[in-house]
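Same chain, two partners: subunit A is paired with subunit B first, then with subunit C.
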Partner chain A sequence: MSKKIAVICGTGAATSTIIMNKLTKFLEEKQIKARTTQSNVNAIANSYEDYDLIVSTTHVPNSVTTKVINAVPILTGIGADKVYDEIEKELNS
Partner chain B sequence: MEAITRYIATFKQMEVVTREEAIDGLSVVLNESGYVKETFLSAVLEREKVHPTGLPAAVGVAIPHTDTEHVLKPALAVGVLENPVPFQVMGNPEENVEVKIVFLLAMKEPQAQLDLLQKLMGLLQNEELLIQLSKSENLEQAKKIFSTIPIGE
Partner chain C sequence: MDILEYIVGLGPSVMLPIIIFLFGLLVKAKPSTAFRSGLIVGIGFVGINLVIGLLVNSLGPAAKDMVSRLGVELSIIDVGWPATSAISFGSTVGALAIPIGLGVNVAMLFFGLTKTLNVDLWNLWHIAFTGALVSILTGSITMGIVTALVHTIIILVLADLTAKHVQEYYGYPNVSFPHGTSTPYYLIALPMNKVFDSIPGIKNIKADPDTIQKRLGVFGEPMVLGLILGAFIGVLAGWNVQETLTLGVQMATVMLLLPRVTSILMEGLMPISEAAGDLVKKRLPERDLYIGMDSALAVGHPAVIASTLLLIPIVLGIAAFLPGNKVLPFADLVTIPFIICLMVPVFRGNVFRTVVTGAVAIGIGLWIATYISPFFTSAAKNAGFQFPEGASQISSLVDGAVPTTAIMIFASKLGYVGLVGIGIIFLAIASYQKKKAARAEKESSEEFTA
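This part shows the complex of A and B:
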């Protein structure tokens, strides 16, 4: 079964749009089947249990027990490869 | 010139001491030019506290923004700070980054403005263009730089 990823930022508008776009391309290239949903941090506080992985550009409260990967390096390009590796590892686990 | 530059509403060289002043100075222009509602400024400042937008790129930048409901027309206001001011780092609020360029983003429909966001990301990853932009003197020069940005990888 394909895993479910939430791509989030503070508003669910700006940076999550960029990350969503990049992540979709990455998953296609790697032929990883996963379902991605764009959301914001307030919504995820109540729905995190629906997801296997959260990819976020903002701080996520500790009450969220789903694995969170910080995606800010994808925005700056500095350390982006490490983030992609971590996402891939998490999806293959 | 490319369509992307239509979003760039203003370019300002600014002498400020705090991030609030920087955001305020750019927001005023967006408000007066009819891009954003009166509520935009306070919403951006509030959001910056909770979800900071400083980015430690090759040149420190920040991309303050807020919910689409405060926006009338999509726009980007660019401010180059004479003396960098600290912003908290996106995703890591315990850390600060000295910000030289502020990109105040007014997003209306993120999917429709994906081109703008991608260009912005391309810019963040391009040290040379960031330095050029930080040395720009007017809106025309800034627009020229934006039109040469490759899409971020």
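This part shows the complex of A and C:
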């Protein structure tokens, strides 16, 4: 079964769109099958259990027990490769 | 200017694709990419228009009935930042906002007056907003352009001033937030913090963000908030059960769809924004830069979320009882994090201080939002947003209630002198900061050699 990823930011409109785009391209290149959903931090606090992985550009509440990966390096370009590696590792585990 | 006016006359859903396409070619994106980007931006615009139609057409009559039944004068609907940004980009000045914003940024970098390179072109809608309002108010597009120019300077200077908080408190190295909504409130938080510190008793009040989030978290989810508010307003309007519940679901729809359709606009802008960023970065000399990003990065911080959850009912209460306010806060209730996110570091995460200051700032902001609503509504009509005859007026908290909006509007009433004067003040702050940084560097290098 393919894993479910939530891509989130503060609003679910701005920076998460950028991450969504880049992540989708990355997953295609690596031929990793995963289902991605775009959302915001307030919604995820109530629905985190539906996802295997959360990729976020903002802080996520401590109550969220799903694994969270910080995606800000993908935005700034500094250290982006490390984040992609981490995502890949998490999806293959 | 004639060509520009003709293109703007085509309406934003046609104009924006053309402008984005041309700008894309200018920053050397592939023609096919530029074409797709332009078209997607146009689609996003039409999409936002549809959702705002739903909001105004369903909440409008309810607000009206509520007003006539209860006598609370809340007839201006807060359409929220997604609509505000689309209306702004759809204006004549908005069409020029991206070149203006980038141009001013590059010039200030060149003269060392800022350290921020704003790669977040999306958020240039803030300067388009004040520019559009001033050009409607004064009837002069040139005045609007000068407004956008000066507003860019203000935002960059404030982004530099707040950069240390973004880096130290939020932990984003080399990042600053040149964000039109978040940065001005920093200047309000600074004196307020001094006031709190000097009052015994209040000095030590705190509130725990985690507990607040656990208890109230469900209300922070936009669609749940939409449902509750919609149903609540239906009840106040005296509507029957079916009408009330329908309004609730419709408002939940608006809250869920607004960010979704806005992200389409964003998606279109992204490749162009990246191409422009690369081009600028390539041309700039290597030096210590802050990368200007959306303050959305800070929105998830526990103290920001907790303060927002408390502020939502407080802002609604203030709106109902504040004399002179006519704005019914709605779509921007979930945008409150952007208003407070640069206050939070000044207050070191103190939720009590953030909520009090936020309430005062938004309360005053409601007057601004009320005052600008006629100009806001005609900007929306100019941008092709369709309202039924005699429909409610509209406004927003972001950026309708933001202090810089008031500053730019009132400065424009003094004519060019006012606008240029504000620009000079902020350039002077920038040049003082530059000198201070140079002095600090010199001292530290002297220490090193000694």
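One rule holds for everything that comes next: the second predicted complex is superposed on the first by the 93 of 93 C-alpha atoms of A that agree within 3 Å, B and C clash if a C-alpha of one lies under 4 Å from a C-alpha of the other, contacts with A are read in each partner's own complex, and residues count from 1 in each chain.
Throughout what follows, contacts are C-beta pairs under 8 Å (C-beta built on N, C-alpha and C of every residue); 3 or more make two chains touch, one makes a residue touch a chain.
All values derive from a computational prediction rather than experimental measurement.
Asks: Tell me which partner touches more residues of subunit A in the superposed arrangement, subunit B or subunit C.
Replies: Partner with more touched residues of subunit A: C.
Asks: First (subunit B), second (subunit C), both or neither: which does A:Ile69 touch?
Replies: In the superposition, A:Ile69 touches no partner, neither subunit B nor subunit C.
Asks: Could you tell me if A:Leu91 is touching subunit B, subunit C, both of them or neither one (first, second, both, neither)?
Replies: Touch status of A:Leu91: no partner.
Asks: Just to be sure I read the superposition right, which of the two partners does A:Ala34 touch: subunit B = first, subunit C = second, or both, or neither?
Replies: Once the two structures are laid over each other on A, A:Ala34 reaches no partner at all.
Asks: Quick one: is A:Ser56 in contact with subunit B, with subunit C, with both, or with neither? Answer first, second, both or neither.
Replies: both
Asks: Enumerate the residues of subunit A that count as touching subunit B in its complex and touching subunit C in the other.
Replies: 9-11, 13-15, 17-18, 21, 41, 56-59, 72, 75-76, 78.
Asks: Which residues of subunit B touch subunit A in their complex?
Replies: Spelled out, the residues of subunit B in touch with subunit A are 47, 50-51, 55-57, 63, 65-68, 89-93, 105, 107, 110-111, 113-114, 117-118, 121, 124-125, 152-153.
Asks: Mind pulling up the subunit A residues that touch subunit C in the complex?
Replies: 9-18, 20-21, 38, 40-43, 45-46, 56-63, 72, 75-76, 78
Asks: Quick one: which bits of subunit A touch subunit B in the complex? Just the residue numbers, please.
Replies: Result: residues 9-11, 13-15, 17-18, 21, 41, 56-59, 70-72, 75-78 of subunit A touch subunit B.
Asks: Could you pull out which subunit C residues touch subunit A in their complex?
Replies: 82, 122, 170, 172-175, 210, 213-214, 217-218, 220-223, 258-260, 262-263, 266-267, 270, 291, 293-302, 305, 334-335, 337-338
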